[in-house]
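Per-chain numbering from 1; labels A, B, C and D assigned in written order.
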Amino acid sequence: MYGKDSMKMAKIADKLAKKYNIDCIFTGQLIDLQKIVLETNNLIITAQHMDSLVPGRGMGHVLPEGLVDAGIQAVVLNHAEKPLTIAKLDATIKRAKELGLMTIVCADTVEQCRAIAELNPDCMICEPNTLIGTGNSSNEEYILETTKAVREVNSNILIMQAAGVSNAADVKKVMTLGADGTGGTSGIINAPSWEDKIDEMMSALVKFKK
Amino acid sequence: MYGKDSMKMAKIADKLAKKYNIDCIFTGQLIDLQKIVLETNNLIITAQHMDSLVPGRGMGHVLPEGLVDAGIQAVVLNHAEKPLTIAKLDATIKRAKELGLMTIVCADTVEQCRAIAELNPDCMICEPNTLIGTGNSSNEEYILETTKAVREVNSNILIMQAAGVSNAADVKKVMTLGADGTGGTSGIINAPSWEDKIDEMMSALVKFKK
Amino acid sequence: MYGKDSMKMAKIADKLAKKYNIDCIFTGQLIDLQKIVLETNNLIITAQHMDSLVPGRGMGHVLPEGLVDAGIQAVVLNHAEKPLTIAKLDATIKRAKELGLMTIVCADTVEQCRAIAELNPDCMICEPNTLIGTGNSSNEEYILETTKAVREVNSNILIMQAAGVSNAADVKKVMTLGADGTGGTSGIINAPSWEDKIDEMMSALVKFKK
Amino acid sequence: MYGKDSMKMAKIADKLAKKYNIDCIFTGQLIDLQKIVLETNNLIITAQHMDSLVPGRGMGHVLPEGLVDAGIQAVVLNHAEKPLTIAKLDATIKRAKELGLMTIVCADTVEQCRAIAELNPDCMICEPNTLIGTGNSSNEEYILETTKAVREVNSNILIMQAAGVSNAADVKKVMTLGADGTGGTSGIINAPSWEDKIDEMMSALVKFKK
C-alpha cells in the first residue's frame, strides 16, 4: 500500500482513533509518511525500519534523526522481511531511545521473544513466522506462551499479538489471552469497507478494555 | 543531511538549476523527499536506494511504485554503503525501467564499471572506493580508464565522475577528461555559502558545455 | 551430500574422469574436501564459496590461502544460494587469480551473464534461476543466448550449461548448443547407480568432443 | 592461521590439554579441521560458523550434518565478524542441539549477553566489541557485568571471557572475576614459543581451578 491508498487509510484510522480515543500505530512507505504526519492528528506514525547510523555518511540508509525531525514517533524493527542481527538491533534500539522514538520489535519463537525482551524495546509484536505453513494451529498456545515469556523478562514491554486477526471476535480473543494490543493488515485491506472494518476492530478493543 | 537543511539545500539547487538550465540530480532521506518534490520545480529528485519488490508483502523495504507515485524520478543503486548482489541490481534496474525511473548506479574498479554497464543503467557514478586510503593519487587515470570502460560497453550510459570534486577547477577537470556530469557532497556542505559554491560549480559546468 | 556419500561419489568420479580423460570439477562440503583431495587423483576439487579476506582476522570466513594450501584447485562463486555483491565478486575473483585458484562463477539472466563475464572469471555456469517456476520452457533459447552473451564479452571464459541435465541426450544437446561443459547434481544423486549415470554422461561428453 | 601452522598449533594444544586434563576448544579453517580431528585426541574441535540448513540444497553453506559426520564437536556462532540475525541464531542453536553439537555464541554488550543467554547456548564468549576504540578501559567492570548478566538469565551456560587475555596473570584475573574459561589468539600466535605460552596459560587455569 502506498500513495493515495495509504493516505486514505491513514485518514480513516485517524478519525476512528479519535472517536475511540485509542493509541493507533500507523505505518507505511517512508516516502508517504511525512505527508501523513501533516494531515493526521491522532496516529502514532511509524517507520517500518531504520538504521543505527549517525548523521554523516550512509547513502541509502534510514537516518534516525531524519525520522524524528519529520514527526515520526515510532519504528518497527526486525520484521521477518527485514531481520536484524542482535548487535544491530541492540544498537538501533539504543539510538531510538536517545531520540525518543518508540521501538516496536517483531519476534517469532518463544526463545526469540525472550531474547528480544532483554533488549528492552517499548513494544513487541509476537508473530509465529516459523509456524506459517506448518499446519500447526496452536494459535492460542502461541499467544499465551509468548505473552508470558515477554512479561517474565520485562513486564514493562507492551505486547501486540496480531497473527490472523481480522475481526471483532479475533480482537476480543487475543486481548482476553493477555495482549496489550493487536492489529491487522490483510484483514483490513481486503475488507469491503476499510472504515467499517477498522471501526469493528477498534470498537471490540475498546469494549474489552472497559 | 535531513529536514530543514535538506529543504534549504534543495531550494538553492532548484533556483540555480533554473538559472543555468541544468539537469540537477538531488538526493536526500526518503522521509524528506516528498515535501521537496512539492516545493521545487527544476530538480531530478532521487531516492538513495530502492528494492525490487512488487506491491504486496515487504515490511521495511522501499517499494518502487511508492517512489514513482510520490514524484520521485530517479534512484541511486549499489552505493558503496549499500552494495547489491548482481542478481538484485539486475532485477532492480529492470523494475525501474518498467516504471520509468532513471537508474544511477555506483561503480568502483574498472572491472566493476564494465560489469555494471552491461546491466544498462541510465547513468553511472564512477567512484574509486578501493583507492581510498591507499595513497594512490592517480585520479586522472581512474577517470580516463573508467569513462573509457563504460563507453566501450554501452555508449548511451551517462557518466558522472565525482570523487574529490569541490570547486570550479575540479568540475572543469573531470568534464575535460570526458565525464557527462559531476557532483559534490562534502565540498558543498562544508562551504561557507552553499549557494555560492553550487553557483561556482554549475557555472563551471555550463561554461564547459558551451 | 556429505561424509561417506561424498567420498563415494568422489571416488566414482575420479575413476571415470581417468577412464575418459576428462576435466571433472567436483565439489562438496568444505569439511570433506581435504580428505577427498588426498584420496583422488583426477578431479578438480572445488570449494563452493570463499571470501576475499587475507590472513589475519575473519572468524567464520573461508580463507583463500587455506583452500590453496589444502590442495583445492577451484572455487564456485555467486551461486543463487550464496549471491555476492559486485564489489565482493570482483575482489574475490582477483584474490583467486593471485593464488592460482580457478574461478567458476554462476550467472542467471543474459544481462548478468554479460556483467559477470566482464569480471573475467575462468569459467561460468549459466543457470536460469529466474525462469524457474515461470513455466517458461525456452531452455534452448536460454542456452544459446547466454552462451553467445558470454562469448561476446570474453571468448576465453569456459561456459558450463547445466540446468536440467540428467542423461546422455541432455549432455549432447547442451554441447551441441555451444557449451564447453555441463554437469549434474540431482540427476546423478537420484540415479539407481551413480557410476552408471556418470559413465553415461561422461561418455556422451567424450563422444561429442571427438 | 591455516594449513601446517594450524596443525602444528593443534598438536601442541592437544599435548597440553592432555597434560593438564583440560577441556580445550580448538578452532580453525573448515578445510583444515577434518585432518586435525584425525590427528588429535584431547581437543574439542570447533567450526567457526555453520548454517541452519538441512541436507538438500544450499551451495556454499555449511551443513551441520557434515560437521558432525566429520567429528566436529562444537561450533562458534555470531562472532563479530560473522553476525547472525536473531531468527537465524535461534534456528542454528536448535539445529546444533538436535545433532549434539556444542554451541559457543559470541556476545558483546550486557544487553546482547542477556538476549543470547535466552537462546540457551551451551557456552558464551563475552567480547566487548563496541568498547574497542572507545578508550573505555573498564575491562574488569565489563567482565563482572556480563558474567552476572548471563548467570542471571541461565546459570547453566558456560562463560568464556577472553578479551585481551595473553598471559598467566590475565588468565588468573578473568577466572577470579567469575569466568568458567578463557582463551587466546593473538597472544599465543605472537609468542616466541606457542608451546610455552599455552603451557603458561593452561597451567594458570589449572592452578586457579584447584
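Just so it is clear, contacts are C-beta pairs under 8 Å (C-beta built on N, C-alpha and C of every residue); 3 or more make two chains touch, one makes a residue touch a chain.
By chain, UniProt protein names: A, B, C, D = Triosephosphate isomerase.
Everything quoted here is computed from the prediction, not taken from an experiment.
Peer 1: Shared touching chains for subunit A (Triosephosphate isomerase) and subunit B (Triosephosphate isomerase)?
Peer 2: Touching subunit A (Triosephosphate isomerase) as well as subunit B (Triosephosphate isomerase), we find no chain at all.
Peer 1: Can you work out the whole-Å distance between the CA centroids of subunit A (Triosephosphate isomerase) and subunit D (Triosephosphate isomerase)?
Peer 2: 37
Peer 1: Measure off the straight-line distance from the CA centroid of subunit A (Triosephosphate isomerase) to the CA centroid of subunit C (Triosephosphate isomerase), and report it in whole Å.
Peer 2: Centres of subunit A (Triosephosphate isomerase) and subunit C (Triosephosphate isomerase) (C-alpha means) sit 45 Å apart.
Peer 1: Any chance you could list the residues of subunit C (Triosephosphate isomerase) touching two or more other chains?
Peer 2: 80
Peer 1: Chains as vertices, touching pairs as edges: which of line, ring, star, complete or other describes this one?
Peer 2: ring
Peer 1: Taking the touch rule as given, give the residues of subunit A (Triosephosphate isomerase) at its contact with subunit B (Triosephosphate isomerase) in the complex, in rising order.
Peer 2: Result: residues 1-4, 27, 29-35, 47-49, 55, 57-63, 65-67, 69-70, 72, 76, 79-82 of subunit A (Triosephosphate isomerase) touch subunit B (Triosephosphate isomerase).
Peer 1: Along subunit A (Triosephosphate isomerase), where are the residues that touch subunit D (Triosephosphate isomerase) in the complex?
Peer 2: For subunit A (Triosephosphate isomerase) paired with subunit D (Triosephosphate isomerase), touching residues are 78, 80, 83-91, 107-109, 111-112, 114-120, 129-130, 153.
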